[in-house]
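After this come two complexes, each holding chain A, first together with chain B and then together with chain C.
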Partner chain A sequence: MRFGTASKFSFSFALALLAFFLPWQVSLSFMPVIVLLEIFLSPFRPLSAGAHKKFLQFIGYLTFLGVLIVGMNGLLLKSGEVVLRLLWFNIYDGGIEFGLNVASRLLLLSSAILLFFVSTPIKMLADFLGHIGLSKKIVTIILLATFYLDQLPQRITQVFWAQEARGAPVRSNILQRLKSFFSILAPLTLSSLVESVDRGMALQLRGFQGYASLSQPRDLQDLKTAFLIVFSSLLALLSYLIWK
Partner chain B sequence: MEITLDRFSFHYAPSQQDVVSGITMGIPKGSCCAVLGPTGAGKTTLLLAISGALAAHYSSGVGEGEIAIGPKVFRPMPDKILFPEVGLALQESHLMISGLHETVRGEVGFSLENIGTDTKVKEEKIVLAMENVGILHLAERNPFMLSGGELQRVVLAALLAVQPAVLLLDEPSNSLDAEATAMLVRILRGLHKNTTVVFSDHQLDLAILVADRFLVLQDGEMVFFGEKKPFLKNLEQFKGFLPVDQWSKVIPQLSRKHAPHIRLLSRLLEIR
Partner chain C sequence: MIQSVKDQIRREMSGAALPLIAFSMALNLSVGQITGALKIPVYLDSLGTVLSAVLLGPWAAVVAGCLSNVLAAALGNPTMMFFLPPMIAIGVFTGIVARAGWFRKSSLCILGGVIQGLLAAGLSAPISAHLFAGTTMGGADFLVVFFRSHGYSIFESVLFQGLLMDPVDKVITYLVVFSLTRNLPGRLVTRFPGASHLSTSGE
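== the complex of A and B ==
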């Protein structure tokens, strides 16, 4: 059984879809599976050591956010029994239940998407999107967006330094920083827009057709696997909904 | 392929004035034409028009006249990008890097991949193109980690690998050091017989060393179009908008002695 881009995409898509329906216990149990897949299963291995580190960092941030969501809901959503008293705050089990549902969905959804992108080179993604029939325009737009996101941190630093060199108060108090934030945002947005248009033209000037025309669609050989994943996920979901 | 422009004009929006106006010229197959002029003269617009990118990307633009590339006549200009027959390298070479490949080798092969070149032939062409521009040692490097000059050469290699009949280069000597410029001179001279080259520049060095036809633009208007001899003879007339000083001292001697321009000028420039 081949596990290529199509299978990976359908696996991530199925996980993202399931995140909306599964109870939080099941959703959360998928989290260690995703991390193990990222570490041990070759198709899901990240493209570099840096990407692996960032993946784990992101999972860490998400978990922290999840705990925060659960805590805040338990505190603010006053439904059900009080399960814990912290000083003069009451934590309600209804709120915790709701928070767990929201947090587990967020965790599973984001991790599933991240698992796909951390292990798929942009070129494979472009080829895959092109081969499954997405138009050249849409593939180009997706590519430009991923490229833009990839370059964003570097760009922000550049604009930040440029504004600082011009004397903008980028390192003073929060109010001043907020003010100077706009002086960073405006050039960032404008330059990105212009560059994206030019980059799109440059891609066309190099004959980009939305996907590599002769690259062997080996990835599509795993369409059977992909189909199997989507089909079994849908079947599992349907069975769960009927049972429920 | 021969390139002919007949009274070609273009403006980016109906209410704007012409960026290039009434350009008429003919560049025979295999020759090399330098488009010279100060910033804003319309050099890039002209190259974009010939490549087909202008009509494809600036739909609000209005053109007049006609552009013929080989047997095909476009009125007023090609409405789609003519790659791989026509290859254009944009001035900002970092934009030409697709970002889809993590190595220079992959990046050079990107265009070949797009036109469906067989894998074995592709590999041969990639190596040959990289050898030609002297970047074989950079083959496994990440294109985004390269200097401006190195990036410029990667873009050139990527275009050369496709062997376009018409090669358009927008200010190719930008961010190139003396050694890289010398290499560019060698590459462009080597291309002459097979490929029609049109490149823009606001410096004269590369143009005089490489080109056999010269188009001089000022504010979108054609000030001069012709071969090397009349261009060098009339060099003083471009003094206001081209940096001719360094050359005007040399040119009279050249004309008098009928010396081979290229060799002497190359020596004067300490290229080679």
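== the complex of A and C ==
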């Protein structure tokens, strides 16, 4: 049994699907499993130490967000009995239960999707997208978008500082700041459009039409594993729903 | 009919348009950095979709919007992946009104933004309410819980929150794109299929 990109995708997809049906206790119990998989199972291991650190930071952020969601709902949704009194505030068990359901769903969904992306290099992702039937144009757009996503934050910071140095009211009242928004966005868009036109011309001059399919052979073992994962998780979900 | 739609898609998704679609996706995802730095309380997360709808057309905008939502899910906000219908509506509606020449006048842009906002709020409310119980890991979640604490159902709370915020957000988005397309050099804008429906600086 081989665990390639398709199997990883189907595993993450199955977890994301289960997040909508499982009770919060089960959903939350998957969280340590996901972290352990990311650390110990080679197909799910991130590409770099930096990516691993970012993954753990993101899990921490998600946990904080989950606590916030539970707290906010417990405080504001006045259903059920008061389980805790904090100074003038009452925390209700109905709100906590609701918050736990929502937060656990979001936690499992987010970490399942992130587990796939943190461990899949761009090239493997592009091959996989081609194999599942996406056109070459769409794959090219996604790859170009990842390039822009890498470049834009740095460019935004540069333009922001340049406009601030020119005296743009970036820290004034809200109307002035809205005007500054345009003074940052305009040069950013202009430079990116010029670059887009150049890149588009380069693609056309190289005869890119985007009709041909990707040439990498399919990994049949990986596809079998992927099918097995999706089938068994659907079976488990169906059994759970019948039992419930 | 089908042939003309196919031709239109082929024209909007030509090799030259692909980098602009990619930039629009990246803009959708990165604009939060600018609004965050300037501390402006708006999302403008469909700015790239609207820009590509105006410069390229509805189908390119639908691709840009849907793919940016999928990428947003990959970057840590998985709920975005389920909000494809509002993004499709934004792309199609903006593409149609841009072709009708609404991006030539600011007053029509404001009207378009309001209609777009109402449409987006109406389409995203059932998804947000039924799949995520109104919690989508965004700043507006607090508003949903606030409405719920006043006795409204999840669907009503999400809908009220959307109706309160989306029209304002979309009007600003439309006006920003209107100003951008007016101020971009005509020489550059005329390279895109949507240029004939715009009034540019005409450099």
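Quick note on the criterion: the second predicted complex is superposed on the first by the 181 of 244 C-alpha atoms of A that agree within 3 Å, B and C clash if a C-alpha of one lies under 4 Å from a C-alpha of the other, contacts with A are read in each partner's own complex, and residues count from 1 in each chain.
The rule we apply is simple: contacts are C-beta pairs under 8 Å (C-beta built on N, C-alpha and C of every residue); 3 or more make two chains touch, one makes a residue touch a chain.
Being a predicted model, the structure only gives us computed values, none of them experimental.
Judged by the touch definition given at the top, the superposed model places A:233 against neither chain B nor chain C. When both complexes are overlaid on chain A, the residue A:203 reaches chain B and chain C alike.
Contacts of A:147 after superposition: both chain B and chain C are touched.
When the two structures are aligned on the shared chain, A:126 is found in touch with chain B, with no touch to chain C. Of the two partner chains placed by superposition, A:163 touches none, neither chain B nor chain C. Contact with neither chain B nor chain C is seen for A:90 once the two complexes are overlaid on the shared chain.
Ranked by how many residues of chain A each touches, chain B and chain C are led by C.
Judged by the touch definition given at the top, the superposed model places A:183 against neither chain B nor chain C. Of the two partner chains, both chain B and chain C are touched by A:195.
Residues 143, 147, 195, 197, 199-201, 203-204, 208-209 of chain A contact both chain B in one complex and chain C in the other. Taken together, the chain C residues at the contact with chain A in this complex read 13-23, 25-27, 29-31, 33-35, 37-40, 51, 63, 67-68, 71, 73-79, 81, 131-135, 137, 141-142, 145-146, 148-149, 172, 176, 179-180, 183-185, 188, 191. Within the complex formed with chain C, the chain A residues making contact are 16, 20, 58, 65, 69, 72-73, 76-78, 98, 101-103, 105-106, 109-110, 112-114, 117, 137-138, 140-149, 151-153, 156, 160, 170, 174, 177-178, 180-182, 184-186, 189-190, 192-197, 199-201, 203-204, 208-210. Residues 121-123, 126, 143, 147, 150, 195, 197-209, 212-215 of chain A touch chain B in their complex.
Residues 51, 53, 56-57, 81, 83-84, 87-88, 90, 92, 95-96, 98-102, 106, 110-111, 113-119, 158, 162 of chain B touch chain A in their complex.
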